[in-house]
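All chains are identified by letter, namely A, B, C and D, in their written order; residue positions are counted from 1 within each chain.
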Amino acid sequence: MNVGILNVTGYAGAELARILVRHPEVRITSVTGRSAAGQRVGEVFPHLAALDLTITEEAEGELDLVFSALGHKTSAERLLPFVEAGIPVIDLSGDFRLKSAAEYAKWYDAEHPDPSRLEEAVYGLTELHRDEMPGAKLVANPGCYPTGAILALAPAVKQGLISGDIVVDGKSGVSGAGRGLSLSTHFSEVNENVSAYGLDGHRHYPEISQELGRVNPSMELSITFLPHLIPMTRGILSSCYAPLANGALLGGSGRGELVELYRDFYRDDPFVTVPDSPPQTKQTLGNNGCLVYPTIDPRTGRLIVVSAIDNLVKGAAGQAVQNMNVMLGYPEQLGLEQLALYP
Amino acid sequence: MNVGILNVTGYAGAELARILVRHPEVRITSVTGRSAAGQRVGEVFPHLAALDLTITEEAEGELDLVFSALGHKTSAERLLPFVEAGIPVIDLSGDFRLKSAAEYAKWYDAEHPDPSRLEEAVYGLTELHRDEMPGAKLVANPGCYPTGAILALAPAVKQGLISGDIVVDGKSGVSGAGRGLSLSTHFSEVNENVSAYGLDGHRHYPEISQELGRVNPSMELSITFLPHLIPMTRGILSSCYAPLANGALLGGSGRGELVELYRDFYRDDPFVTVPDSPPQTKQTLGNNGCLVYPTIDPRTGRLIVVSAIDNLVKGAAGQAVQNMNVMLGYPEQLGLEQLALYP
Amino acid sequence: MNVGILNVTGYAGAELARILVRHPEVRITSVTGRSAAGQRVGEVFPHLAALDLTITEEAEGELDLVFSALGHKTSAERLLPFVEAGIPVIDLSGDFRLKSAAEYAKWYDAEHPDPSRLEEAVYGLTELHRDEMPGAKLVANPGCYPTGAILALAPAVKQGLISGDIVVDGKSGVSGAGRGLSLSTHFSEVNENVSAYGLDGHRHYPEISQELGRVNPSMELSITFLPHLIPMTRGILSSCYAPLANGALLGGSGRGELVELYRDFYRDDPFVTVPDSPPQTKQTLGNNGCLVYPTIDPRTGRLIVVSAIDNLVKGAAGQAVQNMNVMLGYPEQLGLEQLALYP
Amino acid sequence: MNVGILNVTGYAGAELARILVRHPEVRITSVTGRSAAGQRVGEVFPHLAALDLTITEEAEGELDLVFSALGHKTSAERLLPFVEAGIPVIDLSGDFRLKSAAEYAKWYDAEHPDPSRLEEAVYGLTELHRDEMPGAKLVANPGCYPTGAILALAPAVKQGLISGDIVVDGKSGVSGAGRGLSLSTHFSEVNENVSAYGLDGHRHYPEISQELGRVNPSMELSITFLPHLIPMTRGILSSCYAPLANGALLGGSGRGELVELYRDFYRDDPFVTVPDSPPQTKQTLGNNGCLVYPTIDPRTGRLIVVSAIDNLVKGAAGQAVQNMNVMLGYPEQLGLEQLALYP
């Protein structure tokens, strides 16, 4: 199968290439990039020298599926012709994640190029929308923070275990900010430093809110999401807090019951694990897993869930390949078997 | 004035020495350490070679004030003779922070060596207990996490701005775990990694709870505190969340009013700043400041306060020197003028 | 094929397990470890949970090949019974690397348990000793620094391009020091810090000297090797310096000729690349490649060669699997196809 | 005394401000910056909020001394009017370091704005040129790498202990590359990575060569200098290698004699220490010291000297203040007493 990657030169695009190069059912036949057009992939990314391709401005050749790692707005504009031609696409930008064009306009400060496509787009968190994937033509790959936060909270929200007063405190490695240059990703500024950002609102908030709302439409949600920048390259740890609902998990067996409920929820999900001890981001380095650890603060009866992912794998490129596998009927784990790199 | 430092060989003790060496009113005349006894300070810590002293097992000579950077239990045992002799002491351990001997026994898993002293001990967060400092003989220096969390929340708690349903998400550099060896502070395990710990309860929780309770005894508090380990050496960022109380800060001017209230609260505190933009831990590196940034999540009406300190300075040794200055009538900032190291 | 890993609980042993779990011709059937005996592999290393085995004190069951990641001395003692039973072994310790028992005694401060085996042991740098591998029963996997240094210098030494006055300045990530605890690998001590160590001599020196001597017995070698500790987890960069021999590479075409000579030397080596630009350790993260970049200092006519490897892969576990493949007649790259993780 | 800082907005300029704010004889009265002109210093650098000044495009007011932290070429152009007006200047750029206009043109790819000033400029490594400082009007502050390398080698070169075949392997934190953005200082590219750069030549080479040549004009020098980028913010470790000259330091007492000779050389230099154990860059963090550790490789008779500095202090701003102190007759250590921050 021939696939193309739009904007292979960012971190998500390069990670897609790294994974797909070793996928047994896929041949990458076209990769694009603006500033690097005309260069060999291996000149820009020596670790991808095995990918014997020249970067072009526009996708070329017959493609059976297209991934886009372009920025929002541009991504939709470049993908729509493929969608209209019936070629399946997986969009790693934020362009098709929100169902509401008004919300899109508010958070992305732009008119959506084709709001009519928002409803049909499948929100590509496989664990929640696996049934919609086979045959889908337009999949919106989730944001990195939403991936960790939604997987941490979905079981509790689904079961009505908590009130909707949720705090999500996200901690991300710097690669989440991409390969573009800015003072806030300049080594000497970020190293030996931690900070919160997006205090006035972050684009990943509406995704979290929309998807948890769809998990349990009867729950009234009031979600605060605050992201933080951590001096490491890869990884997101999401610490989620919410009061238990009245009567939920009463009795001394609370934590055990909670863990059972979570394990049950993710029983058929090969990439989600509910471990016995609190997760560390390093346990997912380079790997498509999500570790979800629920517990209860015994002093307050508050639910705490901590989840860990690699923001570039389960939070971006690995998730996209997982989606592709389900869309096309391949085994869900195909090409994603790599264990985490430790230490 | 002659001062002694018990256990100069840990990070807090070494940082005390670094600060006090340059304090114009102080002469360090005795430093202790168990495993390093007999060695010159400069052999163990080349950066302290200016301190021309031999480390001894027990404090020696006439001392006008004693700092202890020993572990809990041992610290109280070693300090009590000084206290009984009327020599002022500042204890950086947790031994005299809690007012309740029962709470102490529960959290520190030990009987307190002299519970009768708990009430008289001054909780050494100068900003809240400055009036009790002059002439005090026994000061309990706060824990590092409580310092950041209490300073972040005290103004809101005092004014009844929030309900007591508080979440404190703490993020600390690794030096907070001390100089003792463990797999969880081994470089290859911690680097490029973030994790939560203390999910069943952390000793700094009762401090936060006790002190916020004393700030506003009429507020019912339900505090969840979750600490995280960050791959950096120094710094704590505390992200605090609580619902606004009914009717608090209504109207579009909410954030401005909130900032005014915080600035007012800390008007006479030279080391607390309410900055115009969200703080970064690096802005306090090596410095005794605490940056406190309050804001309101516009979508939920939740108060968010982010604070930053250097865990070894305002969170330990610098705070201790600040306390000493006030206890003895020196200018509060004496010896603590060093600006943060940037970048 | 059933293989065992002695001491799976160190970093090299865990990395072996990570690679071998996905090797199509291998089944790991026994893993040992002293302090962790009785635990499941996944309890100690969550990323290896797929390896459904209990750690035992001694190797168990029928094994077709044994890897040892034990420390020196113990490694030889545990491996000799397998060797005597005719079971092929690959030793990642230093026990069989040196040909001279006297040199071993001097550098390892221990009598060798069986000096008679030193001559028969194959020094397991596949690129130099591939011909000796098929059918070998005892392979001594190289040290991490020697791997980078020898591959950087072998072509120049072989061709007599340089005088033997060689300086090797090695820079290693901290995982090279292993999983054992020490102040020199304590996060707060190593982070934001660079230092040289082993100034009086390092055990990897005699390996470098022995192997370059075997590459060109007629060259008189005078090698200085100085290792440095770098605040990162994985990777070794070796910067090697030597004066060009009289008359070598004269003329403006020097650098081009040099590169050709190096590419020629490594033409049949799938894991060694001579790139067009200076290598970075990150380009080999998690990958078995070695990047070798030779150039000439135009001001002094000195040869400079910079090489990069992942110390735990090409510098340890990956090299061991590469050796196994050649010993047993599998394709040399089998199970080692993983691309470097970037960024 | 009123001083101005040209380009306070880079790392060297900001570090100058941090040091000078606390210098008892200095008042900073003017700071310049291009892109930040019009902003308060504290808006750009919160840690410098104590400096109550607005950044301007041009220096303003009466100045008794001017520091320039501008880039080369611009720096000379902006400083020459002050020099002509008889106002003492200290230039942190490379514009006045080289004595030869031809060398300047070659390495800086620019015609020097006023070659006639090159001879009169004092090379501002106080330890070598202290006698030329009092009353000097134009001081060229050394480069960061040359500071560490020259101090490491000067005693050996002076005494003719070595042949001139010198290798300097420099390892620098990323702040040495400045505050300007580039992919090579982007966090995710530099973190967990080590690389060599400047393999075709680095501007700091001619400084090292010139100054060591002036230390001993009769020694024929053949110096290779290779810089490396290390994933840390501050610090330079220089590892220097050279063969001992015939007959130098013969006998078993070699290392002791060598240390004596080095201690003797630096006897009157308050900022240079010859420690008893190999130095670490962290031992100079935020401090103006240079640690110089000479030893002999017993296997080859090669001299090895390892030196450590903080590149922004002794390698830039601290050195500049040290020069100012000597130029103006203040105690050499005034304002530079801060101990290193550890850990």
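Going forward, a residue touches a chain if its C-beta (ideal position, glycine included) is under 8 Å from a C-beta of that chain, and two chains touch if they have at least 3 such contacts.
Here the structure is a predicted model, which means the values were calculated and not measured.
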item: Common touching chains of chain C and chain A; value: B, D
item: Shared interface numbering between chain D and chain B [over half = same, under half = different]; value: same
item: Centroid-based (C-alpha) most distant chain relative to chain A; value: D
item: Where chain A and chain B are represented by their mean Cα positions, the distance between them in whole Å; value: 38
item: Mean-CA-position distance for chain D and chain A (Å); value: 46
item: Residue numbers of chain B (touch at least two other chains); value: 11, 173, 175, 179, 188, 191-192, 231-234, 279, 285, 343
item: Chain A-facing residues of chain C, complex; value: 11, 14, 18, 21-22, 43, 45-50, 175, 179, 191-192, 233-234, 273, 275-277, 279, 283, 285-287, 291, 337-343
item: Residue ranges of chain B in contact with chain C within the complex; value: 11, 173-175, 179, 181-183, 185-188, 190-192, 231-233
item: Residues on chain C engaged by chain D in the complex (per definition of touch); value: 165, 167, 169, 171, 173, 188-189, 191-197, 199-201, 205, 222-224, 226, 228, 230-235, 237, 239, 241, 243, 278-282, 285, 293, 295, 297-300, 302, 304, 306, 308, 343
